[in-house]
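Chain IDs A, B, C, D and E follow the sequence of writing; residue 1 opens each chain.
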Amino acid sequence: MSQAVVQAIIARFPDAVVSSHDWRGDDTVVLRREHLLEVARFLKHDDAMQFNLPVDVCGVDYLGWREPRFEVVYHLMSLVKRHRVRLKVQLDEADLRVPSLTGVWKGVDWFEREAWDMYGIVFDGHPDLRRILTYEEFEGHALRKDYPQRGYQPLMPMPTLSSDLE
Amino acid sequence: MPTLKIDGREVTVERGTTILDAARKVGIDIPTFCYHPGLTKPANCRMCLVDTNKAPKPTPACYAECMDDMEVSTQSPEIVKTRKAVLEFILLNHPVDCPICDQAGECVLQDHYFKYSATPSRLAHKKVHKPKVKRLGPDVVLDAERCILCTRCIRFCDEVAKETQLEIVNRGEHSEITTFPGKQLDNPYAGNTVDICPVGALTSVDFRFRTRVWMLQSSDGVCPECSRGCKTRTDVFENVPRRTKPLHNPRVNDWWMCDEGRLAYRDYQALPRMEGPAAQVEGKRRVVTNVEAIEAAALELGAVAQRQKIGVVATPWFTNEDAWLVAELLRGPLAGARIYLGGRADGTADEILRMADKNPNRAGVEAIFEAAGLKAAPLSALDTAGLEALLVFGDQHALDEAGLEKLERVPRRVVVSAFQTPLWKMATTFLPARTHFEKVGTFTNFEGMVQRLEQAVNAAASCKSYGYYAMKLAELMGHTISFVRPEDVFAEVARTVPGFAGMTWQGLAPYGMKLGEGVAPAEPPTLPQAAPPAAPTEA
Amino acid sequence: MATVTVRRRELDFWEKTYVKEVGRGLAITFRQLTKNLLTREDVATREYPEVRRKYPERFRGRHRLMRREDGTVRCVACMLCSTACPANCIHIVAGEHDDDRVEKYPVSFEIDLLVCIYCGFCEEACPCDAIRMDSGKHPLPSFTRDMQRIRKHQLLEEGGLSVAEQGGRSK
Amino acid sequence: MATHLPRPDHIRDPEWDKRPSPGKGNLHPHASPDDHLHTEYYTINMGPSHPATHGTVRFELTLDGETVVEIDPHIGYLHRGFEKMSEVCTYNQVLPYTDRLNYVSPLCNNVGWSMTVEKALGITTPDRCQYIRMIACELSRISDHLTAVSAGALELGGFTPFLYGIQAREIVWDRIEELTGARLTTAYTRVGGLNADIPAGWEESVDNARKQVEKLVVDVDKLLTRNRIFYDRMAGVGAIAAADAIDLGFTGPCLRSTGVDYDVRTYAPYLLYDRVEFDVPVGTSGDNYDRYLVRLEEMRQSWRIIAQCFAQMEPGPISVGDWKVVLPPKDAVYNTIEGMIAHFKLIMEGVRVPSGEVYGYVEGGNGEVGFYVVSDGSGRPWRVKVRPPCFALMQGLRAMTRGALLADIIPTFDTINMIGGEIDR
Amino acid sequence: MLMVILAALLKFAAIVLGFVMVLATLLTLIERKQSALMQNRTGPNRAFVFGKNPLSAFVGQLIADPVKVLLKETFDPPHADTWLHRLAPGLAFIPALLMWVVIPFGPGPVPGAEGDNFFLMADLDAGVLVVFAIASLSVYGSTLGAWASRSAFSLLGGLRTAAQMVSYEVTLGLNLVGIFMIYGSLNLNDIIWAQAGYDAATGFQNAYFLGFIPKWGIITQPFAFIFFLAASIAETKRAPFDLPEAESELAAGYFTEYSSMGFAVFSLGEFIGIVVVAALGATMFLGGWHIPGLPIELTAAGQPVIASLATWLSVAAFLFKVVLLVLLQMTIRWTLPRFRYDQLMHLGWVYLLPLSLANVAITAFVLFLTR
């Protein structure tokens, strides 16, 4: 329905878009990291876009399925135009940084903190990038695919189950 | 070289290729029941029917050969309907047995029905009843009601095991599999019939009702029961191995393995495991911590000034990594020690898979020791005269009473083993080891095939691999080697042992590599400089 | 469908003096006080061990195992319940039965009620009407964790006869 | 407003963006109302075990006397790894876990989850199923709002209205129990349908419940709404402007209280919300009092919707009939191998969802509950992300309470209606 | 002299232990029962001592509560000043008891006549001032307890207590000024007699307005009564003025860190405070032991039988009025939400205090006109 948004992004930022699809009606644009910030500003401030509601930000780990390994997914909505869009930025494990959108929408603050906490994705320019759901002493990032389902933490010592040379 | 189109995709194949193989080559899956790549093709289940322009009726894809200009359709409405009909026919007399059937979860019938039909039953009559629990042999039970008469088991006995033991009796819906009168399904490969049975008609007495297959966690391994080294899969539930199944490796074992290897996992559960390290404390043997035991072992070995007075019993149950680390120990701090290579006694062999040498890695250990310049005598030539200390690895040594007595005469006896054996009883210092289920590493079979072993079971924290102990002992005796992952050790093996040259850990998947098969190294392999034997430590 | 703005008035003078609303509040609470002194109509509490609520038919309570007509347990240890269980609280050990028609039965059947989340998936997953959660009974408190692991015989004590036709054999 | 303390304008704080990251000694320059007095800030921890921090949360408060200089909410005390657990569960097995997200309106989460998976599957459930889901959602919403309203009263010291509200909630929960078999851990919907149809006589039972609940709500209303003590505690407190609320990602009653009529049920009608008549109440000033009034009104609208659903509902199937999605009927499972196999496959492997990603969202008790699901084509989700509405609301708490009094945190925190299960997952 | 002291002590023991303590203890339970009924609940009814009936449960609960509290662990917070921490509940408790010395429970001899009032421990001319003097001491207990607990929440509660009690004492006192002016005395005994229509100058006369409305304080000073009620609830730190212990903000305010007996003594002190202010209110505004229609002369003279009957009836009337006021306080407590701290101060200083002053001024003006 609002494929128009995707088209507008592609038309306006031809270099920024890696790919796009609208599976099951969810319009999705995969962006290059360098262009994320300007696309976000465009989406928020352009009269035809007006994406004023930051719905969700999260990370996804595709370890063992796809390359690059990580993705940051933004869900945005416009209460004025009543359309939605999903932005994605693909990130390589070696360079897990993405510009923070806190300057565009204040509401992504905690969501970005959560993505940092769960995946270790660094949001450049975030004013207060701390862990949010886990605690400061937590080691590793819990939602990564290589974090075990039953992980143990320094504050909760449990027997190690490693297949290392022992 | 016929070129044909399957579902619109063009493919060129060798003459004589079946449509099924051609389709799988381009990634189109055609369901089958009776077809097995390792057996002949009777085309009796009709599941693989496809439409072709060369025949007025649907053609069995597993049997029909490709022809030029053939156009095959695996998804036409006609075929979809045919498959549903075949499934309905097969299920017509199939009992409502999933809850008690061991195959549920890996049942081809379940998969195909759910994928290709998933429509309700139209049966309005009684199902035909046949014998339910019929023992065909020592390890195989038949449920005739569940059988879909694909004859895979019959063909397997005839073609692979070369012993004609099974047949079909009666006709029509009363047909059933049975053994020839007076015969039993007791050939040494009988367990494979259970594996290849697409439904739950043949089940293993050993595995029957123990657990459900979808709860199992599998890990690839190598069967250690003989030097063939069949590629296997160990299925584990709640950290206990529940069964061993052969995996396809065309270079070693095709799809099969012998029952001996298949059921051997039980022996490891039956043997009493020893998980407590022990050492002499004030003249008595006590259970100590791992670190203390290793230190005690290092002191005992270090107390012997002349390395010639130390005897070392190595085992062909080492992984290549263990062997390399032990070789480092023997080349460095224990250089000059008298080395024996033990292992289990020879057993039966046949032309199919089984080898006489019942140890998994003799070839690998020998190659690595040779590269390290170590000479190992067979255990049969054991001579402990004049030895002051003994370091014994492994538990499955062919040692008779006399041999044990000879060992016991040595005053200091360090034993590294996993189970409670006579060796454990006589050890002055005991270090608990891991079994092959608990290790990551590689085995080299009699032909020099190097295959990877995954960890199937979590070991107790006190149990370590042979290589770890060798590494720690060497470290305590002045020769520091430090590795964390077995992969890293293997990389060293590949670098320093000629036969392994060019092999990589990743390169071993899926079917392994043969010694000498890797790319030759650019420069001759160099062994790391071995430390001179450390000065004897005061005991 | 419309958007309505909620009614929001500033307080009037009497409301601002507190007195009016305090009086109105007191009237309500006093009304309930006297009413509850006289009748128990509005009283929502129940004197629990003596007076028990009748649970609705669908109430998911403690599990029970059903029996066949001959009194044996219907469960054939297919372990679908422990598979469907999101909390992994069902532990079954299967065994081979002497009777060829039964073939498989649970040697032990344990449910750890401390882990159970009472979602009812086991009941839904059971392919032979063996496990049900319609006992209408609460899990009971206990002094040890082990007492919360209810065993086969306890589950059977609650269990009744199930005459659900099964296996299509009678047809 | 009866207050003599100068109150900083917490509608929009221009210093927000320039604010250094919180840390002791790095405080807001204008936060202290009494600059001429020499006062020392002091920090206290409110929670995680504190009567007002239900749901377990901790506020790190920097106070100047009783004035809040800085508030730093720490969440995560109820973090159970829902998203991690979901990755090893089949799509249906995730369902009981969704009960525990917003545990005062579990059915909304159930419906949201099922609908998300159905969206990924590309299937639509029968009308009757959708009507029942709507009724379930609305009952849930009523229980959610009753909780929020009455717990708010409790926290302001009004124990009696709290118990009236809870009594009303009990009545609603009893109806939910009749429908689902459990009051709170409902696990009612399934991918592609429902666990069971509505029980006999349930319509009447719900209607009785409505009468009782409305009577109790009237009492609560009388005890609170026009009472000056309550009014003064709520009105003008915790106010937020519409633009800020949107920018912070607010949804649900909290956003509507600012005057924005965003309601998923009308913006993107799911289920059959486009076939029923109801109003979306909005507030004017976005303060606690508006949030309270909006919730009261939404309860009334929910009863309206329920009545219409019952009137429009017709007999019919409650699940899609496809055996690849929903379990076959028990009779087919017991007696035919076909049903048995389908049953086994669904339990063992779960519903196979085509590879792809969807974001499904419904109007939960607190606002838009979203589920972002990435599927790799197997029976278990690759990644599940919940978009909990109060996550965004809680990050707005700072904007709503800085410069207010310690006591103002309480009603503001309450009207946000933070649910630990949802925010921490 | 010794005898006088002994008699006073005995009287104190009898009245305080026999009435106040019992009533306060009962109140802890009555409040729970009453609030339960207001909230559609049943309330405590499980602690049976003899048979399964409500009375048994009532008595049982009265026994069970103190037993339970006594068996709890006494906990002193680490780093707290242990001695002050333990002393504080006593400091809060004792003043509440002491206030009883000047409150007359029943009729004594006519003012000016010979003899002591049996129902009064200390017949002081400045009786009300004693009450205030003692009441202002109780704030020390709360603040000391709060301070000694060494907890941020306690401290906030303690500070609030101090501020609140200091603020509302002013109002409380001012609202009684009108009464003093009308009835012309600070002596509580005299005030009751005056409400009953006794005039020191003219004897009994003009006992009722319009012939049936008693000349009680509530009639002559209606606004003062309302203000007094509000201020007295604030004095006892009960909802809607329970800021010092505001549960949702400060956990339990100044006694957050108390357990076992310390906690019990604090809460018992609070209940005694409720009874005290109710008694003060009954004395000042509801005519004390005066029963409208019952000629007060009967208690003073005539046949001993009738006199003692009338006396005891009056005592009962006093108790009845106290209980009534107590129940009113409790109903209010369970009906209303809580103020915010600044609103409370605002109410006290901006509304109640000026209004009370105005009330005094108007009373003075009216008195000036009428006399």
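Throughout what follows, contacts are C-beta pairs under 8 Å (C-beta built on N, C-alpha and C of every residue); 3 or more make two chains touch, one makes a residue touch a chain.
The structure displayed is predicted, hence computed values, not measured ones.
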- Item | Maximum centroid distance from chain E, chain identifier (CA atoms) | B
- What are the two chains with the most C-beta pairs touching? C-D
- Averaged over CA atoms, how far is the centre of chain A from the centre of chain C? Could you give it in whole Å? 40
- Inter-chain centre distance, chain B versus chain D - centres from mean C-alpha coordinates, in Å: 53
- Inter-centroid spacing, chain E versus chain B (mean Cα positions, whole Å): 88
- In whole angstrom, the CA-centroid distance of chain D from chain E equals 46
- Task: Enumerate the residues of chain E that touch no fewer than two other chains.
- Result: 38-41, 334-336
- Message: Quick check: what residues of chain A touch more than one other chain, meaning two or more?
- Response: none
- Message: Residues of chain D that contact two or more other chains, please.
- Response: 160, 167, 223, 227, 229, 334-337, 340, 343-344, 348
- Query: What part of chain E is in contact with chain D in the complex they form?
  - Reply: 35, 38-41, 152-153, 156, 239-240, 242, 246-249, 251, 334-343, 345-347, 350
- Note on the structure: Per the touch rule, the chain D residues reaching chain C in their complex are 89, 92-97, 99, 160, 167, 170, 174, 177-182, 185, 187, 195-196, 199, 219, 222-223, 226-229, 231, 259, 261, 266, 277-284, 289-290, 293-294, 296-297, 327, 330-331, 333-337, 340, 343-344, 347-348
- Query: For chain C, which residues are in contact with chain E within the complex?
  - Reply: 19, 22, 25-26, 28-30, 32-33, 36-37, 42-45, 47
- What residues on chain D touch chain E, complex-wise? 2-5, 42, 44, 50-52, 66, 153-161, 163-164, 167, 223-224, 227, 229-230, 232-233, 405-410
- Item | In the complex, chain C residues that touch chain B | 76-80, 83, 94-96, 100-101, 103-104, 127-128, 166-169, 171
